[in-house]
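Heads up, the next two complexes both have subunit A, just with different partners, subunit B and then subunit C.
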Partner chain A sequence: MFIYIIRRLNVFVITLFLLSVVAFLLQRQVITDFVNTGNILSDYQRYILAMLSGNFGTSLASGNPVLTDILAIFPATLELCLMAFVVSILIGIPCGIFAGLSRGGAVDYGIMTITLMGVSVPAFWFAMLLMMFFSLHLGWFPVSGRIGLLYDIPVITGFNLIDTLLSTKPYKYEAFFDSLLHLALPTLVLATIPTTEVIRQVRASIGEEMDKNYIKAAQAKGLNTFQIIKRHGLRNALPPVIPSLGLQFGRVLTTAMITETVFSWPGIGPWMVNSIYLEDHSAIQGGMLFIAAFVLLANMATDLLHLLIDPLKRNELYGKS
Partner chain B sequence: MIRLIALLLTLPIITSCKQETQVQSTGLVYCSNGSPTSFNPQLAQTGDSLDISSQLYNTLVRLDPSTQTIAAGLASEWHVSRDGLSYQFELRQDIQFHSTPYFTPTRTMNADDVVFSFQRVLFPTHPFHSVSGGLYPFFNNTQFSRLIKSIKKIGPYKVEFELYRPDTSLLANLATEFAVVLSAEYAQQLQHSGKFNQIDHLPVGTGPYKFKQFLPDNLIRFERHWGYWEGGAPMQQLVFDITPSPTKRLAKLITGECDVMAYPAASQANVISNHPDLLMNVQTGYKVSFWSFNSDRPPFDNPKVRKALATAIDRDTILKAVYFNTGVAAHGLLPPTSWAYNPYLSDYAYSPKQARQLLQESGVKLPLSLTIYTPSGSEPYNPNSFKTAEFIQRDLRKIGVNAEIIVQEPHLLQHSIIMGKYDTLVSGWSAVTSDPDNFFRPQFSCNAIENHTNTSRWCSTELDGLINRAVKLNRMVPRIRIYREIQSHLRDELPLLPIAHSLQLQAYRRDVHSLNSSPFGGVNFAGAYRN
Partner chain C sequence: MAILDIRNLTIELNTSQGRVKAVERVNLTLTEGEIQGLVGESGSGKSLVAKAILGIKKDGWVVRADRMRLGDIDLLTLTPSERRRLMANDIAMIFQEPSSHLDPTQEIAEQIEEAIPSNTFEGGFWQRFQWRKKRAVTLLHKVGIKDPISVLRSYPHELSEGVCQKIMIAMAIAKKPRLLIADEPTTAMESTTQIQILKLLHKLNKVNNTSILFISHDIESVSNLSDTLTVMYCGQTVESGTRDQVINHPRHPYTNALLKAVPDFESNLAHKSHLYALPGSIPPLQHLPIGCRLGPRCPNAQKTCVQKPHSTRVKGHMFNCHFPLSIEDETSS
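Now for the complex of A and B:
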C-alpha cells in the first residue's frame, strides 16, 4: 500500500515538475521585466523555490498575493463542482442501472439518446437556455451570483452552503435556501458532463455484471431484480466507475469556468478571464498552476479511494494485474 | 431516499412562491455598472459614474431637482460680496459624520472639515494633496486652482471662499458630486497613524448611507446612517451589485435580483416600458451629441459649406435608428431644461435640395470628399457613434459628397483630436454641472483647443468675450441675455451641428419608491424605499 502511494506520488510530482517548466519558460518569454540573469538553471531554481513556498507573485490587479486571491475565490468554484458531482451521482447511477438492465430496450434508447444530447450540447448555450426559461420566463431562479446580496454572510469556509448555516444571523435558513436556489441552474449545467459519463459507465458495467454466473445463481435462488442489484450488481459494478469520475474532474473544472462566466458566479473562471484581459501575468500563471495541481491531486485522490473501496484493484498493489 | 429527492425537487417551487422576507423588505439592491476606482469623488475622472457619491457624502450646495437652480445643502445659506470676489457659507450645525468600525467621530461637522476638504484639492503643499495620486480631474478641468485664492474659516460654522476674479459658475461647481466634504478629524487620525491612503478607501462622510464592505468587481455594501441630518434613510441596507454588462443588469432587474438598474441601453427602453413589473424614469440629460467641423481645415472654415453639410443631414432618422427614441432633437448645445436655453432660435431643416444649392454657392471645388472620425463604442451622449457616422455618410452621398468613416479606439482618437487630423468628427459632451458655462467654455473657447475638448477648433475673440462676460455677471437676467446671444451666434456660425440630447434613463422595479436621479446620471437613495 505504502509503495503504491509512493508510486502514485511520483507520477504526480513529475507531472507537476513538467508543468512548472512549461510555465517558467512561458513566463521568461512573455514578461519583459522578469528578472533574467542569463543562467536558466539558477533562474528556474529561484522560481521553483518561490512557488514551493507558496509565493506565486503579486497580482497586478488587486495588489494582493496571487495565492491569497485564489484561496479566496476557489471555494466558490469547488462548491459548484462538488454539487455537480453529487447531482451527477444522484441522477447518473439510477439512470445507468435502468439503461443497463434494459439493454437494447426502449428505456435504454431513451436514456442513451438524452445522454448523447447531454454530451453534445455546448455548456454556454445550455446555460443560456436554462437561464432564459427558468429565470427570465418563469422567474423561479436567479440569473447570477451565489447568494442574494442583501444577505450579509461572513466568510468562514468559503462554501456558502456551510457558511450560511454557521452564521449567527437571524436569517440563516433563508440565506441557505437562497444560496441553494442560486446553485440550482449552474449545478444543472455543470452536472451534464459527469452525469452522462456516470450513466454510460454504470450502464456498461451493470450490463457486463448482469451476464455473469453469480447473478444467474442469485436469480436461481429466487431473489428479485431489486435485491440482486442492491446486493450483488452494484457492489461489483460501481467501484470501476470511481476513477473515471476522477478523470472527469479536469473537464468539469474547465466547463465550470464557462458556466461561471455565464452565471456571473464569482469563482476562478471569471477571475482568470479578467486576469487575461488585464494581462496580469502572475495571476494567470498562478491560477494555471493551481488548477493543474488541483486536478492532478483530485485524480490521485480518486485513485486512492478506488483502491480502498475496490478489492480487485488491490491486486495492483502486489503487481498482479 | 425517495422522499428526500422529492423534497429537493419541490424545493425551488416552494421557495419561489415564498413571500418577501424580512431582509428583502429592509434593503435595496442597485445594479451599478463598474467598480469605483476610489471612494473619494474628489479623485474621480469626470467620465466615471459617481453612483457612490450621494450615498456617502454631501456637498455645500446642491441642485434643486425640479428647478435646476442652486439650493442649500450642508451650507444653510451663502452670501456673495458685491464685487463677486468673496463667497461666505453659513454651515448647518447638526451634521453628523458616519460612525464606523474604523472611525468614531467626536464632534459634528464644522468649518474645519470644509476647509480641509477643499484645501486638500487646491494646495499642492497640503499633507493630503498628493495622497492617492494627487490628481483631481474635475477640479483641474474647471480650473479651480486658478479661480480660488483662499479658503478660510471665519467662524466655527462659517467659511469664506476668496476668488481671483468673479465667476458665477462657482456655485454650480460646488453643487456637483465631486465637491464633497470629508472629515478633517478622520484625516487627522490617519495622519497620526501614517495611513494617509485610507481616507480614499475607507470613506467617512455625512451622507444617508455609510460604507460597510467592498468586494472589487462584485459588490459594495452600505448601511443606514441613523444620524443623517435629513433623517435616517428608510432602508437599512443598500447594496451595489457591480454588473458591467447592460444585458445582465436588465436580466437581474427582471428577476428581481436588482431593484434599480444603472444606465439602461437605448435599445432596452422598449423591453423595460413593456414589462409589467418595471418602471422607467426619463429625463433630459445634460448631454449632447454633435457633428463637429474642423474649422482649421478648408473648406470647413467656410460657414456656407458647414451650413450646406448641416442641411443635408436627416437627424430624425438618427434619433429613431440610433437613439431608439431615447433622445430628443438638439436645436443647440444646451438642453431645453437649462435655464439659459434659447427657445426662439430656428433650426436647420433637413433639405438635400437646399444643401446642394448651398454647396454650389459656397464656391467649393466639387465633388467634395471628407473624413468622419468616430469613436468605436457607445458614449454616454451617443448610444452608437459609428452608426451615427454611417447615417451621416449616407445623407452626404445624396448631395454628392463622398465621406470616409474612420473608426478609432479612444486613445488613438484622442491623439487625432490633439493633432487636429480630422475633417469632421462625430462627438459629444456630457456636462458635469448644470451651469451653461460648462457647455460653451469647453467647446468653443480658444483655451479649450489645447485641452482637446474644442472639437471644432473654434477660436473667435467675439465668442470668447461673450463667454467670459457671462460668468462675471451675478444677476440671472443679464446672464440669460448673454447666453441667448451666444446661442444665436453659434446658430449662425455653426461650428458644429448638434444632433441630439440623450435622455437619462433609469429603470427600477415597481415596488421601489422615491428614487431620486440627477440629470447627470447619478442616483440618490436617501429617501428610496420598497413597498
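Now for the complex of A and C:
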C-alpha cells in the first residue's frame, strides 16, 4: 500500500516535470520577464526554482502575481465542477443501476438513448439553448454571473454556497438561494458529460456483478432483489467506477471553460481567454500549469480513494508487491 | 413421503453455438429424511440440477419440467416472494467453488449473520443484541474452524478454499433446512476434515431429520453416506435406486463402469491389473450423441441405442438402457 502510494506520487512528479519542460520551452519562444542567458539548462533551473516557490511571474493585465490571481478565481470554477460531479453522481448512479438491472429492456433502452444524446450534444450549444429557454423565455434562472449584484458577501472560502452561509449579513439565506439559482444552469450543462460516463460505467459494472456467483448465493439466502443490490451489488459495483470519475475531471475542466464563457461565470475559463487576448504570457502559462497540476492531483486522489474503500484493490496490490 | 419430486427436468443453455440441452429429462425423488447421492462425472450437469431446484438461473438458461415439487409445494408456480421465503427457511445449498460464492468485499461475519434467519432465535429478549454474532461463532466451531473470531473478521480472499467451503457449510446449516443440497461439499479439504464434515452432515440428517441431496463425482465417497443413489451421465439420469441396488446390482453399463473404476469395490481385482475405465471421454455439450448419450463409449451399444432408452423400473430400481446388465451376469463374474 505504502509502495503503491510512492509509485503513484512518482508518476505525478514525472508528469509535472514533463509539463514544466513543455511550458518552459514554449516560454523561451516568446521571451517574457525571464532573462535568457542562452544556456538552456541553467535557464530551466532558474525557471523551475521560481515555479516551485509559487512564483509564476506577474500578470501584465492586473499587475498582481499570477498565483494570487489564480487562487482568487479558481474557487469559482472548482465550485461549478464539484457541483457538476455531485449532480452527475446523484443522477448517474440510480440511472446506471436501473439500466444495468434491466439490460436489454425498455428502461435500459430509454436511459441509454438519453445518455447517447447527452454525449453528442455540444456543451456551448446546450448552454445557449438552456439559457434561451429557462432564463430568457421563462425567466426562471438568471442569465449570467455567480450571484446577484445586490448581495455583498465577503470572500472566505471562495465558494459562494459556503460563504453566503458563513456571512453575518441579514440576507444570507436569500443570497444562498440566489447563488444556487445562478449555479443551476451552468451545473446542468457541465454535469452532462460526467453523468453519461457515470451511467455507462455503473451500468456495465452492475450488469457484470449481478451475474456473479455470490449474488446467486445471496439469492439462496432468501434475500430480495433490493436487499441484494443494497448489501452486495453496490459495494462491489461502485468502487471500480471511482478511478474513471477522476479521469473525467480533465474533461470537465475543459468543458467548464466553455460553459463559464457562455454564462459569464467569473472562473478560470474567461480569465484564460482574456489573458490570451492580452497576450499575457505569464498568466497563460501559470494558468496552464496550475490546471494541469490540479487535474493530475484529482486523478491521484481518486485512485487513492479507490484504494481506501475497495478491499479487492488492496488485495491486488499485495499480490504484486 | 417424498420431499423432493422431479419429473423430466430439462435445462437448456444458450451458448455461442446455439441452444444445448445440458440436462435432459432428469428424474429425481427424495424421501423425507433420507440422504441421496447424486453421482456423475464432471460436466454431467449435477450442479445445474441443484441450481434448478433452488430456482437460481443465470442469463440464457431455460428450465422446464413436468413436475417439480418440494413436499406439497409446487416449485414451478412459485411467485418470487414465495420462493424467497422457501429459500430463507426450507432449502439450503452448499455451493461448489465456495470462494466465488462469497461476497469478495464483505467481511465473513456479516455474510454469516445474514444467513441466520431471525426465527431460529432462542432465548430471552436481553440476549437479542448479540445472538447472531454468538451463533456465527458456534456455527464456525461446528464445521471445525479453530479460530472463528479471526475468520469472522477476514475477507474471503484472505482465506483458503477449504475454509471458505466450511463457511458455506456453516451458512447452509444455519437455517436448519428441510432439504440440504450439498454440491461437492468436501472437495477443497484434507481427508481428516472431510470425515468430520461428513459426520456433521450425517448427524444433521439424524437429529434434525434434514433430507440431503449429496452431489459428488466420486461414487465411493457418496455411497458410504447415502441411503439411495442416482447416477447421471451427460445430463441424463442413467440409474437410480437404493444403495444396495445400485452398488451391488448395477443394471446400467455406465454405473458398472464407475464401480469398476474404484478398486475397493472389486476385491477380486488381480494385483497391479489395470483399473477399468470406459474408452473416450464425456462429449462436449455442442456435440451430444443422439439417443442414449453413452452410446459411443458403451461396450454393450447396438443399433437400437440411437433411440433414447425408456426407463425400466424394478422394485424402485430404475435404469435407462436398451440392454441392461442382467443380475446373474453381475453375480457370476
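The rule is short, and it goes like this: the second predicted complex is superposed on the first by the 314 of 321 C-alpha atoms of A that agree within 3 Å, B and C clash if a C-alpha of one lies under 4 Å from a C-alpha of the other, contacts with A are read in each partner's own complex, and residues count from 1 in each chain.
Rule of thumb we're sticking to: a residue touches a chain if its C-beta (ideal position, glycine included) is under 8 Å from a C-beta of that chain, and two chains touch if they have at least 3 such contacts.
None of the values given here were measured: they were computed from a predicted structure.
Aligning the shared subunit A places subunit B and subunit C next to each other free of steric conflict. Applying the stated contact rule after C-alpha superposition, one finds that A:P266 touches subunit B and leaves subunit C untouched.
For the superposed model, the angle subtended at the Cα centre of subunit A by subunit B and subunit C works out to 160 degrees in steps of 10.
With both structures placed on the common chain, the touch criterion links A:K212 to subunit C but leaves subunit B unconnected. With both structures placed on the common chain, the touch criterion links A:N236 to subunit C but leaves subunit B unconnected. Touched residues of subunit A were counted for both subunit B and subunit C, and B has more of them. With the two structures overlaid on their shared chain A, subunit B and subunit C come no closer than 25 Å at the level of C-alpha atoms. Subunit B meets subunit A in the complex at residues 5, 11-13, 15-16, 21-24, 27, 29, 212-213, 215-219, 221, 237, 239, 241, 243, 248, 251-252, 254-257.
Contacts from subunit A toward subunit B in the complex involve residues 62, 90, 131, 135-136, 139-145, 148-152, 170-171, 174-175, 177-178, 180-181, 184, 264, 266, 274. Against subunit A, the residues of subunit C that register as touching in their complex are 51, 54, 56, 58-59, 80-81, 84-89, 91-93, 95, 97, 100-106, 114-115, 117, 155, 157-158, 168, 171.
Interface residues of subunit A facing subunit C in the complex, by the touch rule stated above, are 211-214, 216-224, 231-232, 235-236, 239, 310-312, 315.
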